[in-house]
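Below are two complexes that have chain A in common, paired first with chain B and then with chain C.
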Partner chain A sequence: MRIGFDKAFIILIKVLTLFSLLLLSFIIIFVFKEGYIFFKEVPILKFITGTTWNPLSDPRNLSIFNIILATLYVSLVAIIIALPIGVGSALLLSGYVKERPRLIIRGLIDIIAGIPSVIFGFIGLMVLVKFFEKFFDFPSGESVLAGGILLAVMVLPYIISTCDETMDKLYRKHSPAAQAMGISKIYILRTIVLPQSLRGIVAATVLAFGRAMGETMAVMMVIGNAPIMPRLLGKCQTIPSLIALEMGMAEVGSLHYHALFAAGFVLMVILLMINVALYYVKRSLNR
Partner chain B sequence: MMKRIQSALFALWISVSCVLTIAAGLFIILYIFIKGFKTITWEFLLSNPGGIPIGVEGGIFPAIIGSLLLMLISIVFAFILALATAVYIVFYCESQRLENTAHVIIQCMAGIPSIVLGLFGYTVMVVSLNMGRSLLSAGLTLGIMIFPFIQVRIEKAFREFSKSVLNASYSLGVSKVYTIFRLILPQCRRDIVSSITLAGGFAMGAAAPIMLTGAVIFAPAPKALSSPVMALPLHLYILSNESISMEKSYATALVLIAILITINIFAITLTLWRKEVKR
Partner chain C sequence: MKRLWSILICLSLIFTMVLTGCASQTPQAPAAQEEGNDANKEFRGEITFNGSSTLAPVISAIATEFIEENTTWDKVDSNFPDKNISIYVSAGGSGAGVKAVLERTTDFGMLAREIKDEEKEKIGDVNEFRLGVDALTISINPENPLAQIRDNLTKEEVKKIFAGEYKYWDELDSSLPHREIVVVIRDLSGGAHEVFQNSIMGDTQIRADAIQSPSMGALVTKIIENKDAIGYASFGMVNQNKGKLIPLKVDGVEPTEENIVNGSYKISRPLIVVKRGELTAPQKTFMDAIMSERGAEIIEEMGFVPVR
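And now, the complex of A and B:
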């Protein structure tokens, strides 16, 4: 009886594991399958390098160069803003803050990480976009910059917790020796912890970049969603927001519908590459 | 002198960044609480949305129920898969290569943007399997989204399990299955519950995957797995993006954020408690 149960349990575990690991290939295959129908009509190179996206014109122009560029641009702005702040906060947390306040700050950071993107988008719309319109006299506050700032706040928790993990270990390792020699905390942080945690910072950047590129709701609510060449203070359109906005309008089976899957496929390929890279960076960290 | 200035600049940089981070977090939470607080009434929480366009009057009851149900379905689905995968990788997997492959796959799944999961859910569940835009399609899509999140945390908890207890159990001739059920699972219970609640919060806040697979602008509280649902994040998006009602938007945001903060604090306290006990 017992042995039968054990065997059944092992088989069940194996089947479920196989299923969960195969899910990734299901996702890739199904999204590719729907996108492939589009690639048969429009060559993939033209899809990626062409600059006009206009599903309603005739003949249809469905190319996403501007949109890919904008996706990268918004994420890059976010990283440029978030990285110095995130690394700085992680340094302070790992060296300076005492146990109890540290727990509270970490808790607050976890809570920021748990705030849904729709709420970020909502606040961006109500505060950031309004602020740009009022103080800088833009015709519309919806811009790449607004998206970048918003995304920066959203990826901050990822950067801080990834950096803090490495930095905390380094600080604990070196601080007794340094303290015995009378070296100040700030000096250890600046000359030992910061340079040695370079790999952790790289891992954090890659992770944050991947998160930023795939973000939908928050970005969609503040960038204006116009598929034009992105400028820092102008409107733009990212791949996730394109899919989210137009999926409802596209008729199942139309070229437009398949083009959206093709765009999703391109985004997925970029992110899969980023994540494989992240896996290897992380592994080299743990050695 | 130069060194002094460098040190001072460095200190300034790290303290300013930390202050900025804390300020951003507090600002978001306080802003929503202050702006939304006065609209929250029992009527708002417990009645259906009404008016034209829908949402101008009334409340958000079906959205609250819808979000909770979506969370429940996604958690059940993701938890079963994540637990099995973690058990297999930690206790049964013999080959290092297979283990590494599994880790790469899970890392990649965690990196797939939620909107692409929405596309997947749409083409497979809504269109091919003919499940329609429903509670079930949306819940399963969310489940796929949070599966890697739960799996990584459960696996970490298993790996932290004391090796000597494990070896003692094996050398007494206790079977692996019995060890897992009687020793490991009860002791990792807190970590598992905490990871599930965090993941549930994550699923509840996601709007992108469900807007393609099952969430709609208006539906009564769902009666069956096949009925479409309302969800808080999508409701908030529609209210604010189409400028239907700013007051109701703030209040909806407040309800959503209050539920999520409660979930987060619950999960954080569970793991903290464990750390204190270990000391």
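And now, the complex of A and C:
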């Protein structure tokens, strides 16, 4: 009886795991299938190296080089802003803050991750974009920088919690020995914890980068959505914002519709490459 | 060995799943077609709409109210059987609406443009219902000095502003300050932009660095927030935000409800529902609900000008 129950349970969890795998493969295959129709008409190289996106012109120009570039650019700006803040906060949390307040602060930071992105977008539109217009006298505040700052706030909790986990472990491991030798806290943090948590920091960065690239709503509201060559203070358009903006209107089955799927496929491939790179970086750091 | 087997089984399962996924799409169409043919034979409590994504939320809103009020058909009219009312609205663009009517996969097609003569011919027995007009106003921020000196732009000027030929306000009128014009539009492939492109721009491309707003609300907010902004705000949105943004006349024609309905204000498009052949009794009652005063109110709430 007992054995039978166990067996049934094992089968059940196997089926459930299989189901989640199937789900993943289904999504990939679906997006590829829809995008493939587009790649049959427009060569993939032209799609990712051409610079004009105009679904209405005749003949249609559907190339997303600017858009890919903008996606990477906005995410990069976000990481550059968020990484120092995130690593700094994580160091402080693991070294200087006692257990209880640390958990409370971690909880509060995690709440940032739970705020819906539309709300971020709204605040970005009303505060950030307006701030640029008022104090820097931009004609319009929508810019790569605005998107980057907004995304930096949004990915901060991911960086802090991933870094904090690694750093806390390291600090606990080394602090009794260090204290016995009378070494100051800041010295341990700087010379032992920070260098040794490099792996955690890299993992956090990649996780945050992936999040940033996929973020749609908040970014869409502050970058102006103009498919032009991105400049730090100029407007741009990212792949998720492109898809979200145009999918509702693209006629089902049209070339435009398939082009949006193709763009989504490109985004997935980029994310996949980043994750594979992460795997190898992690492995090499492990040794 | 065991492991190899499980991997193989997994793969084959995934593969079969994919294949079934591909196959199931095709047979849907004929099934729906049969339904369409049966419509006249016996009572069918389902009504389907397909087409323009501009019109879809309007029909959905009216349908939701209609269903909430009545629930079953016998409450609408005592001659009808006690069947649940179900109204399905799906959006796929005006073109898809016409196509669905042609292929008999839907009862009604929704269009946010005039129906073309060739389409009428193909469908044959067309029943057309004009619900309202969607108009766009060329609006600016009240703080823009342009509002003081002029209340009118010619079509040519609007075109040059949106095409990026005028980059600064002082190029339009030398008394205006030398500040960059911020052009705000909706997404290029959307219905609102299509209206604007057709009625003003023609073949001219819009400037590439125009801000594409994700919604009409965002577009209007941008104009209210930025004093150098100009954009095409929908007529309904302008009325909801009276005083916060100023609609300009185009070629001397003011965007008023009267001018929009009689067609003298050009940046607009009709909202039409088409049906092949005669309406069945339940379809007619729902159509009456759409054309009623309450229906017109909903159309107005959604930012369009109802045809009363």
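Here is the rule we use: the second predicted complex is superposed on the first by the 261 of 287 C-alpha atoms of A that agree within 3 Å, B and C clash if a C-alpha of one lies under 4 Å from a C-alpha of the other, contacts with A are read in each partner's own complex, and residues count from 1 in each chain.
What we mean here is this: a residue touches a chain if its C-beta (ideal position, glycine included) is under 8 Å from a C-beta of that chain, and two chains touch if they have at least 3 such contacts.
Given the structure is predicted, the values throughout are model-derived calculations rather than measurements.
Of the two partner chains, chain B is the only one that A:I123 touches; chain C does not reach it. When the shared chain is aligned, chain B comes close enough to touch A:I109, but chain C does not. In the superposition on chain A, A:E142 makes contact with chain C only, not with chain B. Looking at the shared chain after the overlay, A:L93 reaches chain B, while chain C stays out of its contact range.
Once chain A of one complex is fitted onto chain A of the other, the partner contacts of A:I81 are absent, as it touches neither chain B nor chain C. Taking chain A as the reference, the larger set of touched residues comes from B, when chain B and chain C are compared. In the superposition on chain A, A:K235 makes contact with chain C only, not with chain B. Legend: residue contacts after superposition of the two complexes on their common chain; A:E133 is shown touching chain C, with no touch to chain B. When the shared chain is aligned, chain B and chain C each come close enough to touch A:V252. Residue contacts after overlaying the shared chain place A:F26 against chain B and chain C alike. Shared contact residues of chain A, touching chain B in one structure and chain C in the other: 21, 26, 30, 33, 125-126, 221, 244, 248, 252.
Interface residues of chain C, counted against chain A in their complex, comprise 10, 13-14, 17-18, 21-22, 53, 91-93, 95-96, 179-182, 187-191, 193-194, 197, 205, 208-214, 218, 221-222, 225-226, 228-229. Of all the residues in chain A, the ones that touch chain C in their complex are 18, 21-22, 25-26, 29-30, 33, 54-57, 125-126, 129-130, 133, 139-142, 220-221, 224-228, 234-235, 237, 241, 244-246, 248-252, 256.
Interface residues of chain B facing chain A in the complex, by the touch rule stated above, are 6-7, 10-11, 13-18, 20-22, 24-26, 28-29, 31-32, 80-82, 84-85, 87-89, 92, 102-120, 122-124, 127, 144, 147, 151, 175-177, 198, 201-202, 204-208, 211-212, 233-234, 236-237, 240-241, 246, 249, 253, 256-257, 260-261, 263-265, 268, 272.
Contact residues of chain A toward chain B in the complex are 2, 5-6, 9-10, 12-14, 16-17, 19-21, 23-24, 26-27, 30-31, 33-34, 84-89, 91-93, 96, 103, 105, 107-112, 114-123, 125-127, 153, 156, 160, 184, 186-187, 189-190, 210, 213-217, 221, 240, 243-244, 247-248, 252, 260-261, 264, 267-268, 271-272, 274-276, 278-279.
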